[in-house]
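Next come the structures, one after another.
Look for chain A in each of the two complexes below; its partner is chain B in the first and chain C in the second.
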Partner chain A sequence: MEAYLAAIAAIALIYVLLALGLTLHYGLTGLINFGHVGFFCIGAYAAAILSTKGGMPIAVGFVAAAVLAGLAAWPIGLVSLRLRDDYFAIVTLGFSETVRLVVTSERWLTNGVQGIPGIPRLFEGLGVGMPSALAIVGVLLAVNAAAIWLFFRLVKSPFGRMIEAIRDNEEAVRALGKDPARFKIRVLVLGAALAGIAGAFYAHYIGYVVPDQFIPLVTFYVWMAIIMGGVGRISGAVVGAALLMLFLEGSRFLRDVVPFISAVDMASVRIGAVGLALVLFTMFRPQGLMGDYTRR
Partner chain B sequence: MTLTLSSLTRSFGGFRAVDSVSFSVDEGGLVGVIGPNGAGKSTLFSLISGFLAPDSGTVSLFGEDITRLAAHERARRGMVRTFQVPREYAHLTVRENLLAAVPGQSGETLRGLFLRPAAVRAEEQTARARVADAIGFLRLSPVAETPAGRLSGGQKKLLELGRALMTNPKLILLDEPFAGVNPVLVAALSDHIRTLNGRGIGFLIIEHDLPALTRLVSTLHVMDRGRIIASGAPEAVLSAPEVREAYLGGVS
Partner chain C sequence: MVFWVELLIAGVVSGLVIGLVALAITLVFGIARFPNAATGDTMTLGAYGALAGHAATGSLLLGGALGALGGAVTGLAAYALVFRRLSGRSTVALLVASIGIGFILRAGLALAFGHTQQVFQAPLVRPWRFEGVRIHPNDLRLAATAAFALAVVFATLYLTPIGRRMRAVADDPALARVCGISPVRVMVALWLLAGAVAGIAGVILGMRTVVAPEIGWDMLLPGFAAAILGGIGSPVGAVVAGLIIGIAQEMATPVVGFTYKIALAFVVMLFVLLVRPRGLFGRVEGVR
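And now, the complex of A and B:
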């Protein structure tokens, strides 16, 4: 049971990193990013490839994951920032699917649909089981704390004020002499780099990567998390990711109480449970658990 | 000349929304543009402020051709606009709305934020002092900490003017500042505009509310179907037959 809880905690903390990035993109800046999983995928594969085929230390993989995911966001920013919000959403969705197709097709690098197995686990030296699991959760907590600290500093700064101004009315920002593109590109790169780091943690935690782990559903799980937690709130990203895990994993135990459900049906029931939760949230608490944009 | 428009033209399909418009605004001038609905006033404003590109003609500001400059670059050169329907930052407070308009803040760059925190703090203090002055001047103190989305229509217009002021403008373009504003605030807004004009800030104002505008401006241009049909002192312009024709539909 402890191992199971540690596993849930690790995955939840990875989702918090993703949700923080999306909160920066959408909740604070208003960028409708439907391709968050693309940055996550780049980070995971960067870490996987460098630590297996590349023979590099794990730390190098983490740095590469952040840098490559951030770099991938740069051209998307340049190309799409002239687009209207809805087109930006489509472009990002297309980007993440392109990333998935590239890692599926480029077998020489990614091993195609077979994926990359044998990615070294973090803290293997501590021994398999609880010691290493706790160490991983500890490191993830530290990284999350650092990201949250960074985000609070950003939000309370003049930079944070500007990105929220862009979210509220971009034309007014332009009319008042500031270039929204400058801010949006930086925001995109920062959130993407964080998703890349989340990907590196994921790869080293699960131990293998295959393209199927990076379907758009992951992006929408992150969206569900921030909607349930409250868009535009850092605390909303944290609480939302925790809620998401509660619904995803909690629905696992439904099998013990609900009769006549097979393991196969269960997978659908779990997604249904999250969907139902989302519908209930938008009906009864549209601002999310922690409240939405309005800061006070 | 602060602002000079020459032969500014813009069509939508076959429709000439703005048709060869030329006029200028002197330094510190107080100029109005009136015209019936659909005369092309808002399109003209978008051409001047850089939200639309003209098909032909030029816009120059302090002798520099700015026809091809982006909207934010025009604003940085000292010409800033407001919007007919206020575009406040709804979730930021009035104070934050004004702070966000202060130019040249190094705290708005990531490098400044993390490498020069002391400079950022000092700049923020200066910005806050300026914003406090503007809040006092515009009498927005009671709502200073209110999210701007909750303000009344008139208060939002005041806030738009306040944000424009924070950019240290030489010329402010006001798009229907009196529309949807109660009479008390119209008077207050007019007073503010006069005071600011007295400090040397030029104004170009599009308006429907004729009495309020004619009392305010020294020069009036009348637009009809994309063209300027009359220009001059307000009283003279308003008594011109072609203006009465355009406005009153030929009723004499």
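And now, the complex of A and C:
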């Protein structure tokens, strides 16, 4: 039971990292990033390849995951950030699908659909079981706390005021002589690097990576989390990720209760529930659970 | 030579399908002003509708008609239940809701029809040969269907009063309203038309290949790419760009391989956005 709770906590904390990155992109700056899973995927594969085929220490993999995911965001930003925001959504969606095609096709590097097994776990030296599991959760908590602290500092800084101004009125920012695109690219790279770190944690936690783990549905899990929690609020990202985990694990238990539903059907029920949540929250509670109750 | 001509023909047929998807996307983008991510799953619904109709009646034509009708009804229902209530909200609200509708459609279809791939039980026909080039009569029939659907859409847009009103709203919603054009009637016509077009695209795709819950979603990216290449809001551009992307994908397959031909659509999209964001036939304003 403790092991199960530790496992849920670890996955939930990885989702919090993803949700924080998306909060930075969409909640604070207004970038409609529909390709978050692409950066997550790059981070996971970077960590997996370096620690297995590359034989590098795990720490190198983490740095590489953050750097490569951030670098991947750079050209995307250069190409599309001067465009209207709905175009940005389409381009990022295309980006994440292209990343998945690349890891599926480049067998020499990624083993194609077979994926990369045998990624070393974190803290293997502490022995298998509770000590290492608790250590992983502890590290994830520390990383999340650091990210949240950074976020609070960022929001209070001139940079934070600028990106929120871009979200609220980009024309006004431009009229003041600032170039919104430069700020947006920095935000995009920063959030992508955070997703890359989340990917490295995921790869080392699960122990294997395959392309099917990085379908666009994951991006919309994270969207569902921040929309449920409340867009643009750090507390919203945390609460939303917790709700998401409750939903994902709850649907697993539903299968134990309702025996005649098969695994593939359950996956469909889950997709449908995500869709329903996205539609209903957008229509009836756009500010989310933690959002400003006075505004609509 | 023969090999490339056969690829060109395959490219034209799949280009017509992409053109239909792009047409459905660009109509909605031009008039309702958001990229409708549920277009792909509306296609899938059309394909399953045709499959069920064919199984029930034994006629491919009736099945196809049922698929188109299913698409139209889905489009209208999505508008009446969701998009109408979100009018006046930001683009992202509509975009996220359309993703959600797509997921609901896909989940419903997978639960109703299962995850296994299904095929249309059509009689096998020997391909015709012209100078050594093989041409499948079925491909010709599907291409003719696509061309007919395109003709109907263009006739509706450019020859009927409701089409003129739709183009007026696309041009300038405020001015159209001042002129006494009812926005609701235009929207109902738009969603029926766009849904039917997506449904027909799904029927053709399903008859050419297989029917599975993901087929529509996989066409969304090429569809968006073609809509952008053609210039958002330009129906002619969508069809021309669909043909260009379809032919480019098939011709590139021997060079880049089967998986990367899907990525080609993404590359085309990035290139167009860099070099000419308004696309081939688009207007100057509104993109940057």
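Convention: the second predicted complex is superposed on the first by the 260 of 296 C-alpha atoms of A that agree within 3 Å, B and C clash if a C-alpha of one lies under 4 Å from a C-alpha of the other, contacts with A are read in each partner's own complex, and residues count from 1 in each chain.
We adopt the following convention: a contact is a pair of C-beta atoms (placed from the backbone, for glycine too) under 8 Å apart; a residue touches a chain by one contact, two chains touch by 3 or more.
This one's a predicted model, so the numbers in the text were calculated from it and none came from an experiment.
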Which holds for A:Ala142: it touches chain B only (first), chain C only (second), both, or neither? neither
Greater chain A contact set [chain C / chain B]: C
Could you tell me if A:Gly275 is touching chain B, chain C, both of them or neither one (first, second, both, neither)? second
Quick check on the superposed pair: does A:Met130 touch chain B, chain C, both, or neither? Answer first, second, both or neither. neither
Between chain B (first) and chain C (second), which does A:Ile32 come into contact with in this model arrangement: first, second, both, or neither? second
Pick one for A:Arg82: touches chain B only (first), chain C only (second), both, or neither. second
Applying the touch criterion given at the start, work out whether A:Phe95 contacts chain B, chain C, both or neither, answering first, second, both or neither. second
Which parts of chain A are in contact with chain B and also with chain C? none
Tell me, which parts of chain A touch chain B in their complex? 153-154, 157-159, 161-162, 164-165, 167-169, 171-179, 183, 186, 232, 293-296
Mind listing the chain C positions that touch chain A in their complex? 34-35, 37, 82, 85-86, 89, 91-93, 95-97, 99-108, 110-111, 115, 213, 221, 224-225, 228, 257, 259-260, 262-263, 265-266, 269-270, 273-274, 277, 286-288
Note: in the complex, chain B contacts chain A through residues 49, 51, 70-73, 75-76, 80-83, 87-93, 96-97, 99-101, 103, 105, 107-110, 113, 120, 124, 127, 145, 147, 163-164, 166-167
Could you list, by residue number, the parts of chain A that touch chain C in their complex? 26, 32, 34, 79-80, 82-87, 89-91, 93-95, 97-98, 101-102, 104-105, 217, 220, 223, 227, 264-265, 268-279, 282-283, 286
